[in-house]
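A, B, C and D are the chain letters, set down in written order, and residue numbers restart from 1 in every chain.
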Amino acid sequence: MSVLFSFDYRVFVNRSVTLENIKCYGFDMDYTLAEYKSPDYEDLGFELLRDRLVSIGYPHELLRYNYDPTFPTRGLVFDTMYGNLLKVDSNGNILLCSHGFTFLKRDKIHEYYPNNFIQRGNTDRFYILNTLFNLSETYLYGCLVDLFTRCSRFVNCQTGFKHGDLFMSFRSMFQDVRDAMDFVHDTGILKESTLKDLDKYVVRDPNLPVLLTRIKEVAKVFLATNSDYNYTEYPKKQWRAFFDLVVVDTRKPLFFAEGTVLRQVDTNTGKLRIGTYTGDLQHGTVYSGGSSDIVCDLLDVKGKDILYVGDHIFGDILKSKKRQGWKTFLVVPELAKELQVWTENSRKHLDSSCRVCPDISAIQTRIKVVTYRMDRSYGQLGSLLRSGSRQTLFASQLMRYADLYSSTCINLLHYPFSYLFRAQSVLVSSSSDMPVIITGTCIYSHQIPC
Amino acid sequence: MSVLFSFDYRVFVNRSVTLENIKCYGFDMDYTLAEYKSPDYEDLGFELLRDRLVSIGYPHELLRYNYDPTFPTRGLVFDTMYGNLLKVDSNGNILLCSHGFTFLKRDKIHEYYPNNFIQRGNTDRFYILNTLFNLSETYLYGCLVDLFTRCSRFVNCQTGFKHGDLFMSFRSMFQDVRDAMDFVHDTGILKESTLKDLDKYVVRDPNLPVLLTRIKEVAKVFLATNSDYNYTEYPKKQWRAFFDLVVVDTRKPLFFAEGTVLRQVDTNTGKLRIGTYTGDLQHGTVYSGGSSDIVCDLLDVKGKDILYVGDHIFGDILKSKKRQGWKTFLVVPELAKELQVWTENSRKHLDSSCRVCPDISAIQTRIKVVTYRMDRSYGQLGSLLRSGSRQTLFASQLMRYADLYSSTCINLLHYPFSYLFRAQSVLVSSSSDMPVIITGTCIYSHQIPC
Amino acid sequence: MSVLFSFDYRVFVNRSVTLENIKCYGFDMDYTLAEYKSPDYEDLGFELLRDRLVSIGYPHELLRYNYDPTFPTRGLVFDTMYGNLLKVDSNGNILLCSHGFTFLKRDKIHEYYPNNFIQRGNTDRFYILNTLFNLSETYLYGCLVDLFTRCSRFVNCQTGFKHGDLFMSFRSMFQDVRDAMDFVHDTGILKESTLKDLDKYVVRDPNLPVLLTRIKEVAKVFLATNSDYNYTEYPKKQWRAFFDLVVVDTRKPLFFAEGTVLRQVDTNTGKLRIGTYTGDLQHGTVYSGGSSDIVCDLLDVKGKDILYVGDHIFGDILKSKKRQGWKTFLVVPELAKELQVWTENSRKHLDSSCRVCPDISAIQTRIKVVTYRMDRSYGQLGSLLRSGSRQTLFASQLMRYADLYSSTCINLLHYPFSYLFRAQSVLVSSSSDMPVIITGTCIYSHQIPC
Amino acid sequence: MSVLFSFDYRVFVNRSVTLENIKCYGFDMDYTLAEYKSPDYEDLGFELLRDRLVSIGYPHELLRYNYDPTFPTRGLVFDTMYGNLLKVDSNGNILLCSHGFTFLKRDKIHEYYPNNFIQRGNTDRFYILNTLFNLSETYLYGCLVDLFTRCSRFVNCQTGFKHGDLFMSFRSMFQDVRDAMDFVHDTGILKESTLKDLDKYVVRDPNLPVLLTRIKEVAKVFLATNSDYNYTEYPKKQWRAFFDLVVVDTRKPLFFAEGTVLRQVDTNTGKLRIGTYTGDLQHGTVYSGGSSDIVCDLLDVKGKDILYVGDHIFGDILKSKKRQGWKTFLVVPELAKELQVWTENSRKHLDSSCRVCPDISAIQTRIKVVTYRMDRSYGQLGSLLRSGSRQTLFASQLMRYADLYSSTCINLLHYPFSYLFRAQSVLVSSSSDMPVIITGTCIYSHQIPC
């Protein structure tokens, strides 16, 4: 298992980044600097959501469900019309489909989706569960569909459940869960519960202050979080000292477009000062709102010289890259486990080359067995990145928008600030004589520097 | 050079396709079934455009310019504000930039684009020259900027050229070229000129009827082209016999969305019948308009069982994949040359692994020299797919949307209809010990079947 | 003054409505059935808004301002760029303009608006203060601009006020007021304060139950309000008995388009039942959400047979008319005073026809004096309907979208249910020999029936 | 009939305009300065459209139809789903409905439009026939529906006609007519036919040069037409001398928004100069494109000082008023006849006041008879402005957007340039004691000045 630990240190590369040229590091807060303990934190989130639903009238039987971390995978799509959880690739092809906790067979999937395909641009219907905060919610959709399906009072229909004059559509169920999510965050009960048992829910990594201190010696560093000031205060009163600039209430992804008004936070009261702040950067001041352009102005840096580290593939990474041309570093906590499963399994099953084997159907069968077994090692809905040989939507977005990625931003400690993260200089050829276009790779040497 | 010929036969794979499951093959016409001879056909297009511009008032000095096939690469972006031709990656980072025929240095590029980056979503400003028909146009932008820049009557300004009371903006220049393009196509003069010397401009491959005949034995086959009936008639009167269904005036990409009214073509007069055709498929009938849904109905096939072969990355491939979930095969005529250059050069320069070398700046310099030299072997604006180690926008779209790709659709002849085009079953690891996510590869054996 | 009282009974007609054909009456709640006492209620709203702003950091000097009912007129436009209150006509021509409490002269207006005109379609910049709830807010904009303009700590700029590093833009001031407005409504403090002194703030008209009872004898009747259930409960527990259908949380204007899910309200707890209600109409049940289409289904009536009575020109009247073709009755409480001022003044000044007078400049001067004097009789910002001889935007919308209008819905009591409200059958000719197109009129006889 | 002639001179007023303040007059070309002879010109247009449809495959029976000027009224709406011609009011209520030449009864209308109402914002379905050029087209829709309805080969369906495998939808019929309209204009055949018999089709009013000459003595004057240069040339080579500025190809309504590039026309060749014209106004030069802002700059006038005279309620009047705040003068050639019919009939039937009559149903019957008889005097589809007592959409737009209107712009000759067109200073009261809001009136004295 020493292999696993060595994996943990790695930063992977999709597009070359010369650390030496990075003049400014930006960080998101939740799941980036504030790392939550899994599955305890998801468990807490699930319970709060579940209890909220019961309090607004959902059946008490719902209380019997407890969070099961082996079920959900991040990046699934909820179909608000049919109540299914879908795992899809970047083109919308369906890789897996569950209704409640039942995994649908190919025939059944075809009945719902005649072409085995969704138009994922239809965001009115399909909701992508992109963030780690969505994990509890993902499991809750499973529970709700399971509950009503089994409940004898309700009749199963195609778009929901019927009970007398009431129709419980998957769509209204979805809306109720989303409202409960807002309730749990906006009322502060999630935060309160977290603060009550901080050691249970939040990782305190002694390397984090080391990393931030080292970065500050060579570059500017800022924090840009969608949380409000009071929420960001709790981890440690002194965290502000690590940053040249702290911005709360950023409203990413809007922050990377036109943004909002920049205001000062009165750090004594936690309240916003009225009016727009128009002066120079004041150290020790906390700001609210603003935009990526304003941050560049205040810190006097250009977008291409910023490396932004975050966990949200859409709000943090895709938008900062696509709208502003920033360099991006995606935090993917699941990566440690993903790599472990992959390594263990590929060693067992895939070493013998299948290319010498002339019988295609035998190959296909063998591949199916191996990949199925491996997929289930990740959990019931499989890997974050793949289903069999096919990439998930999440994986393809990771490749397109994240220049670098790793299981934690702490891994940056293992590379000197003069480091060149280099994508392999190959255009074609993946195996010895087969041409293929390759997007990147990770260059690391056995003599990892730190 | 035998290497080159063996390359020509290959079909490359981004996502697995089991030919056995394909129940229907669709083809685009221009540059897919009707292959044009390069650079003669581009040369013709250029002359017609150039002459048109002179006839509407552009300086007669423009007539001195002749088409130079070594300049343009497909997939460039024209910046209608500053008149630059840009080679960009999928995130909008600038890989190369030319103003007229002058390649801009890094400093100059930064003056135009402070972040070395364009928001390519801004389609009002940036025009992507996606198709092979755009090659002549690409070169013409170079000529026009060159002409006015050198012309002493005009003063160079940031967004165009000034001469007395007239301001020749890059934007109006762009509009004039686009109008000339429409003129050349809509009036039929390009078609007439092509017909006058068909052998000079069009490839007659005896394998094409062989391919279509073989396909028709195992699957349904249709033609869907944006050209009108009269235009599609010219290659050969008998081509209709190869297809179960012929649809002209398809107005792709609209065809893959809501489409238009389906009408019958009177093949005696070339005129459309009035009203919408609502009956079953009639063999020997030519249709106009319609949509991909109507084609599926008429042929009684599902989208996932169709392999659509075309040359237009946006109108043929991206849209059929993203909106309809079709299997896709992109024809990339440049691929033969791309592979030849790559092979010859990678053999010469890249065999010794750079990984043992501890001096990073030496590596970087060496890589720069090698890649620059190789890039120029493709032509002045370099490879269709890469610039140094970085992928172009075109390459990334090819990978996302084309399941298969090859230099010509004729290459399908070299694979049996029972063939499994298989993307490599790897998640991570591109070289022995380097993990990376890989999207696909081409599986072919030394014993190519046909 | 007996004239004034007779005015109060009138219902005015823009387009003919045959009461006999009306099969269903719908009512809005606030300012329609629940009539608030002016200016006490506006006074209360103003104080809550003002205090909220001070509590979020606005200068304490703001507390010195008290509501002045003689300043605001409904239907003004706030220019969030320059901080001006504008009175405009339906084409966006400026009739009056105040900055704080200073009325700008023609020259100054031209500096701000070179064409004396706003593009009122630009809703990002221009905010229409359409409802009676907006009156306090209107006055507050005046106070804020006045306060900062006079405050020596702040420097006056074109788009706001500067104080050191802070810039207090009119736009952020606007946003703060809007947020305060939401705070006052959403937290329920406005409602609480109202309930504490109901007699001070709410009119209890004994004729209201009489009207509703009579209507219910001849037609169906429903209540559709954007307020939530708990809010609508307070006037009287028994009000539900007057209606065939009560719908709360209607989210007009969305209600007149696609609407939201229809849910039952548990009238014991005030909470919503989960799921969508799909059954028939249940008497005594209160519903939440839904849409105008659902209401028609539940009550089994067609849109053209409904007369909808509301006070919101956009959310109640324009939308129900334009999207659903309902008959509309606009409640305009200001009408009593508008008519009184008009009558008194027109008697004094306008009786002698100006047409015999040959000296145009003398006419013009005289008209100006008369209209100015009359305009000020309405209050500082003049009439809701006119400025001089020119109609306001509000008046033109009233004419386009309200079939009937009156100062209170109680006035319906004065007409039998067999009544024909008839718009005059004239196309042209307003005075004896002058042709003009006329939109409608009120037909009532001296023998008012009830 | 002397009444008729006196009517002809009048200019009607919706909002006051002081001619003395007008610093610039703008004119549209077609139907404004170039007045076409009705019904000869509509007759010509109809024949060209009809013949075009037959040439693309419509039944030869269509040739039997000839233009009937008594059928169409301007401003009708064509329902492309059901093939009906609708006369509607500004709220979309249906006033009249014809299917082919059959006028539908109330019951039948309700079947098509359950609420007797269309959502006219649905421009995909409903097409407004706004201009005088649309009159032939309006009649053609009647002919086509009539033809197919009677034709025994076709089966009548709700959305079109069926004949074997062909479905002739009303929608595709509409598209064919629109394409034929473009064909007739773009190929120049309408222009050629007009030029062949200019005296038959175009009014030569000797007062036009008088008017333009007089205006030029007191103000600037420009021509802004959507026609191209060659088309505008034909009426008279010398017309350019009357204008300070001539702009062709204006692409109204775009002209009143962002507009297009301003280019010079080479008046020798009729071709455009390349590039954008950026200099000062050159007398005798003709321009192409541009925008209303550019016109203001070139002429150094402000929008509010311009009176723009045109015949297109949307492209000329609504847009110049709403987007630019110009003063507007709508040319309504039909007005002469409208006023004549009105006068003759109102004298006969409406003199005895209906207000003394106590029996409402008797009043209603009598009104119906009178208004029906009068409506038919205008033609089969009735008045441009009314249907019974109800205003048409056209009338309401005329009132909202046209400050002045008259049957011809020549009528401006009858008012001195010091004239004040004054809207009546009345807010309320249309008859002695009935209050109503009135929008305007026409002030003219018996001593008409010229």
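Quick note on the criterion: a residue touches a chain if its C-beta (ideal position, glycine included) is under 8 Å from a C-beta of that chain, and two chains touch if they have at least 3 such contacts.
This structure is a prediction, so every number in the text was calculated from the model and none was measured.
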Notebook entry, point to check: If you take the chains that touch chain A and keep only those that also touch chain B, what is left?
Noted result: none
Next item on the list: Name, by label, each chain that touches both members of the pair chain A and chain C.
Entry: none
Check: So what's the Cα centroid distance for chain B and chain D, whole Å?
Finding: 47
Notebook entry, point to check: Once you find the CA centre of chain A and the CA centre of chain D, what distance in Å lies between them?
Noted result: 59
Next item on the list: Provide the C-alpha centroid distance between chain C and chain D, rounded to the nearest whole angstrom.
Entry: 35
Next item on the list: Could you list the positions in chain B whose residues touch two or more of the other chains?
Entry: none
Item checked: Which chain pairs touch, all of them -> A-B, A-C, B-D, C-D
Next item on the list: Sort out for me which residues of chain A touch chain C in the complex.
Entry: 56-58, 160, 162-169, 171-172, 175-176, 261, 264, 266, 271-280
Item checked: Complex contact set, residues of chain D against chain C -> 7, 10, 12-13, 15-16, 89-93, 114-117, 119, 121, 302-304, 321-325, 339, 342, 346, 350, 354-355, 360, 364, 367, 371, 383, 385-386, 388-391, 395-396, 398-401, 420, 422-431, 434-445
